[in-house]
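One chain, chain A, appears in both complexes that follow, with chain B as partner in the first and chain C in the second.
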Partner chain A sequence: MNPLMTQNIRSLPYFIPEAILLGTLLLVLVCDLLQVKGKKTLATLPVTVTGLVACFAVSLNFGMNGDTASGLFHGMITLDPFALFFKYVFLGSTLFVVLMSRMGSDIDRKAHAEYHTILIAITLGLMLMAASTNLLMVYLSLEFVSILSYVAAGMQPRERRSREAALKYVLYGGAASAFMLYGMSLIYGMTGTTDIYLIRDTFIANSSYNFTLLFSVALILAGFGYKIAAAPFHMWAPDVYEGSPTAVTAFFSVAPKAAGFAVLIRVFGTWFSGVGDMGGFGESFTHLVGVMAIATMVVGNFGAMLQSNIKRFLAYSSIAHAGYLLMGIAMLPNFAEPGFRAILLYVIFYVFMNFGAFFVGALVMESTDSEDISAFRGLGKRNLMAAIVMAIFMFSLAGLPPLAGFIGKFYLFAAVIQQLTFFTLLMITVAIITSVVAAFYYFRIVRAMFLDPSTDTEPQPTSRLAQVMLTILVIPTVVFGVYWTPVIKVVDKGLVTHAPHVYETQTANTDTDQKESPVADLKTP
Partner chain B sequence: MLANYLPILLFLIVSIGLGFTLLVAGKLLSPSKPSAQKNSPYECGFEAFEDARMKFDVRYYLVAILFILFDLEIAFLFPWAIVLDDIGVFGFLAMVVFLLVLVVGFIYEWMRGALEWE
Partner chain C sequence: MFRKRSFHLLSLLLGAIALTLLPSTAFAQGGADVTEKSTLLTWIPFLPLMGAIVILLMPKRLEGLYKQVALIASAIPLVLAIQMALGFNPDIVASGAAGTAPQLQDYTVYGLQYVHHVAWIPSLGVEYFVGVDGISVVMVVLSTLISFIAILASYLVNKPVNAEKGYLSGIAKQQKGYYCLILMLASGMMGVFVAIDLFLFYVFWEVMLLPMYFLIGIWGGPRKEYAAIKFFLYTLAGSLAMLVAFIFIYYNSAPLGGATAFPMVNGETTEHTFNIMFLSFSSTTGWGSFFTQNLAWILLFVGFAIKVPMFPFHTWLPDAHVEAPTPISVILAGVLLKMGTYGMLRFNWQMLPEATLHYSTMVAVFGLIGILWGAYCAMAQTDFKRLIAYSSVSHMGFVLLGMGSLTSEGINGAVFQMFSHGLVTGMLFLLVGFIYDRAHHRNLDGFGGIAKVVPIYTGFIGLAFMASLGLPGLSGFIGEVMVFIGAFQRHPIITVFAVTSVIITAGYMLWTAQRIFLGPLNEKYADLSDMNWREWATLVPLGIPVIVFGVYPGPILDMFSGALNTLNQLVLTTAVVN
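Up next, the complex of A and B:
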């Protein structure tokens, strides 16, 4: 058989998680159709949850067995511990959001099947994003996620704000993609390949300072920066977050952001970490990303201070957190490893505390029918458990010990401070000052819940499912703040990306013709 | 490296310069005697019936998007059909999976009434 074909067939077993998601997606659509025809009433929720859990189980199985492979489908994607780590994050997030929107009422019950389809498809795209090892695949999966996100933002077509959010998202996304594609095309023009490992080899071979390289990296950063909502590409975030259904907003603020960082680490980490200074390029890169990080921290934190809408407030808070994480990327040319470890650690903590904040926010918005921060007033009297839990999430997001958010920030700042230059000191200073600002506005919510006078003291109990979900979110936020060794272990496992040029499976496989170098692979007609 | 882009820079300069020069030359050299008849919009010699900026029915976009979707599918099918002898059963099955996904989507839009105008 044709060797090109053989490689595709050999890649298939490593594609099972994605295939399961694809199957679930089709199944949900068919279930929805049967509902439409009125023959039978099939709930799509169990199908969706089963599919996601099955996918998670299979991915976990790959992770447990250390069964990984790189260079799948001719170097398009890889299945390394790094990709698996993010797959867990995405699947967990989607599962949570599916359950969360079950409780909310902002998405039409009739549209739930469509909504589940879109969520599953976004997850599929996110998983491909984290696994991409080729610029083409990076672009395709990013666009896959983006296009479906536009639809998800407009899931309430009767709401004017939802439509506005979808349209704004499309316009920003289109522009950002165009910039990113231009940057990628310049890289392709310089190196003659789209495989990120081969591109790295070219960089090592002619390591000289190069304005075109910096320019194209900046353009690509525009595309990735848009995905993680980093300043100056953050403008879409507050409006989109405000207009989207609350559960979708919670999803946007966690999963695509994590995927954006996965791609940032994968692409720039492969290209520039351990390459050396490349004749001044490393320093320029640090400055480029560092300035972006500083701008993001300032815009996010000061922006959040001025908001009165809960969703906009959380949007700015998530922008601010992207700023802290970007500091880890900025340190990449010289000290990649601690920065990456801090980012992955932070992503885990962030999933719990941010989902928690959104979840309580959604409960409050649902019960008071108001999106204003004043809706939190008197929550301590109305629902003590929700108020205490929200206070924990707020303190954790602010980075107070002994909560998970503090540990995350501590590792990030420690990663930056490893190299003492004027610029890193500047970054750290801004980070600390903006953290103080952050503490101020997070405390505002806590004050509203417990101290502000409120006329409404009627108790509003939460449902049993909501209580369970809140417990699941709050326990890690507290426990990981004190005992985070297991998380570090998971993160260290997840930090492993595959060395370039190993176009073979990592399991005991002695088949020699598998060792095709990517160069030979690409040259095969 | 950057020197390689010199032709592009020259191209940019020449094209912008040429366009600008021609516009300015036209403005300066041509006689300009506007009159009410000359300035009025017309279609094929008639008076304009209505404003050209009219609203399109949003359903055109749905039809257009669906058309593009299935048009692209053909773009995949042609090269596949040509090399079918070389790619064997695996290539055939790969396309079957692709078409299956597409057909489910097609049935979905059909039964959801996306293909009906009213």
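Up next, the complex of A and C:
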């Protein structure tokens, strides 16, 4: 048999989670087609949930057994603890969003099948993003996610804002992808390969300062920065977040952002952590990403202060959090591990607190039919439990102990302060000032809920499902703030990525395939 | 009626049982020896928190019992703290600890007593570690006493006042939330004074902020939202600076005395530690340049100075005081301000003695500015509460001056002044609250001659004023005079200027007394009622120590002088560094 074919077939067992998602996706579509006219729609929700849970279970099984493999499909993707960690995050987020949109009314009930299809497909793309070890695959999966996200943003075709959001997303996304592709092509021109590990070997072989490299890294950063909504590539985020259905917004603010950081860590972490200073390149990289982090923190926090729309407010807040996380990336050339650990930890905490904030926000928007922050007025009287829970999420997002958000921030700050230079001092100063600003605007919501007078005191009870979901979100936010050793263990496990020499030994593959470099694969028609 | 009375009786009975049983059980676990480990210092900060949880779970129909539960949950820590202080051995100081290898066998090497020490997050080197030494023991007593008084004072302001203006001066609305939050606040501040782990300290420190924000923001005066967020943002900025300094110290420390790692209580070792005592006495190096130690010192100092509040950062204090309800003002002035100066002693002085020596004159100068600025501002006020708030700025300036003098008298006087100011300002804010409850305003010019109507009230306020302006025989005098004696040896010119403030203080205090109590009687207040027994009950526990320790300050001074002299020597010789 063709050796290329053999490797593909041998890679398949490691691709089961993704395959399950693909199957679910098709099944949802078929369910939708099979529905009988005039009768109750065939439940797409159970199918979707079952598929996601099954996929989660299989991924978890891989993680528990320590089944890992690299160089799958000719070095395109890998199955390492790092990718698995992010797969859990994506699957959990999707599951949550599917349940959350069940409660909202902004997505047409008839369109739920398509909606679920798109969500599952995005998740598939995100999982591939976190697993990609080849620039080509990085680009393809990123673009896959982007194109589906455009559709998801436009899930309310009758709403003008939704259409506008989708179009803006497309335009910005297209430009960012073009930048990124240009950067990747420059890297390919310099190294002759798209495999990120082989590229790293080239960098180690000739470690000297290289402006073209910095330039192409900056271009690639534009593409990734767009995904994580980092300044100055954040402009799309507030408009898209405002225009999209609330559940989709919540999804956008968590999952693609996490995937963006996964790719950042995978690509830049592989290339530049531990390679030394590379003739001054390390410092330039820190400055490049650090300036981006500073800009993002400033834009996000000061922007959030000025918003009155709940969704735009949360959009800017999520931009701000991306800024804090970017500090961890900026420290990469010298202190990679603490920064990565902090980012992974923060991602876990961020999932809980940000979904929580969106969830209560969605409940309030639904019940008051208003997207203005003043909709929170008197929530402490109308629904005390929801108000208290929202306050906890706000405090956690603001980074106050003893809540999870503080622990995340603590690890991030610690990662930056470890090395004291003028630049890190500048970063940390900006981080402190913007944290105070952040406390100010998160407290606007708290103030509206408890302090501001309100005439509306009619009780607004939450449904049982909503109560359960809020409990699931709020307990970790509080408990992990006091005792986070289990999370650290999960994160430390997830920090393991597979360097190329590891995958040579770990794959069951024969040496014939290994000797063929991925470059050779690319040349094969 | 019968139901209500039986509630009271029941709660009193429960309280009495708890008060007698709990201390003994806490001691039984630790043994009578103060140097042994005990859980006593865990009970003190966590009992109020448990009380808060109990109140949270109580159904609405038991609303009348919320305050009883709160009172019991704050009374037990007070009893425990007094027992702790009585059993405290002041001879145990950290005199020989500097430069030794970090060790966990004997906590008394670091001057610690009543230690409770368990693992928390070993991977980060974070431990749950509480204990008291000479610096903190008085503060623990003060914070438990003031919390108890504040909750007792919350009983008083129980009736809606000035309903037509749309706000209540009292705690009649949302009692559940109020008592939960005030107990959480009490937990946080007691925790701050017993924490011997940086991380734990920071958590307690921040835990205090949120209840304070709500207590001012919900139960406060007309501009409560503004005052609450101003207080919150100022303090948060300070604590973030502090956090950076903590992380910075954490990474830049290495064990001394030939040790390679810091021991942890669970038997493991850690490369970096949050243990305050190790960081103070048994670690150094890595500080590299002068720049790094100075940076940490300044960050810490700014963080604590905002809390004190020191001169350029003091503007949040008058706003917060004016808007806060009476019991919260008492806590704010009585305990929260002391946390700033306590933090300076515990961190700047003890951990970074070299930089402290370098900056001591600057601290004294800031103290002087605070003394004079606060006094002159107080003179210009027409709002009674604002006046007391500015007098706090002035009196906390004495603490800074005493600490900056780096003499034994100065630093002892500073801590005595912290204790005394807590009692006296607590009294003053209570008294302002009482008159506000009756007259519904605090304008100094709006009264006149009421001494004839409320003689007992006038007597109490006379005592508080005299203690505040430093009349010999009252506790305020001891603190001030020790600070002056100490500061004069090192900074004579600064002290000369500082002494002038005594005249200004006497000026505004007496002028205030004159405007309110003397002169022709304002007919509007001809039927003011004098103090009731509950008001007596809140003032007497504060008034007695003011007189007793003003005449005989020995017991209090003995408690901390050993530890403070050791600390002062440490700064002067900077034995730890190098």
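Definition applied: the second predicted complex is superposed on the first by the 494 of 525 C-alpha atoms of A that agree within 3 Å, B and C clash if a C-alpha of one lies under 4 Å from a C-alpha of the other, contacts with A are read in each partner's own complex, and residues count from 1 in each chain.
Throughout what follows, a residue touches a chain if its C-beta (ideal position, glycine included) is under 8 Å from a C-beta of that chain, and two chains touch if they have at least 3 such contacts.
Bear in mind that the values here come from a model prediction, so they are computed numbers and not experimental data.
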Partner chain in contact with A:Val436 - chain B first, chain C second, else both or neither: second
Partner chain(s) touched by A:Ala175 [first = chain B, second = chain C, both, neither]: neither
Partner chain in contact with A:Pro401 - chain B first, chain C second, else both or neither: second
Chain B versus chain C as contact partner of A:Ile488, first or second or both or neither: second
Touching partner for A:Val478 - first (chain B), second (chain C), both, neither: neither
More chain A residues in contact - chain B or chain C: C
Partner chain in contact with A:Arg447 - chain B first, chain C second, else both or neither: second
Touching partner for A:Leu22 - first (chain B), second (chain C), both, neither: first
Shared chain A contacts, counted only where both chain B and chain C touch the same residue: none
Contact set on chain C toward chain A in their complex: 120-124, 202-203, 206-207, 209-210, 213-214, 217-218, 224-225, 228-229, 232-233, 236-237, 240-241, 243-244, 247-248, 250-251, 292, 295
Chain B - residues contacting chain A, complex: 1-2, 5, 86-88, 90-91, 94, 100-101, 104-105, 107-108, 111-112
Chain C contact footprint on chain A (complex, rising order): 395, 400-402, 406, 410, 413-414, 417-418, 420, 428, 432-433, 435-436, 439-440, 443, 447, 450-452, 483-485, 488
Partner chain B, residues of chain A touching it in the complex: 1-2, 5, 8-9, 22, 26, 29-30, 32-33, 36-37, 190, 210-212
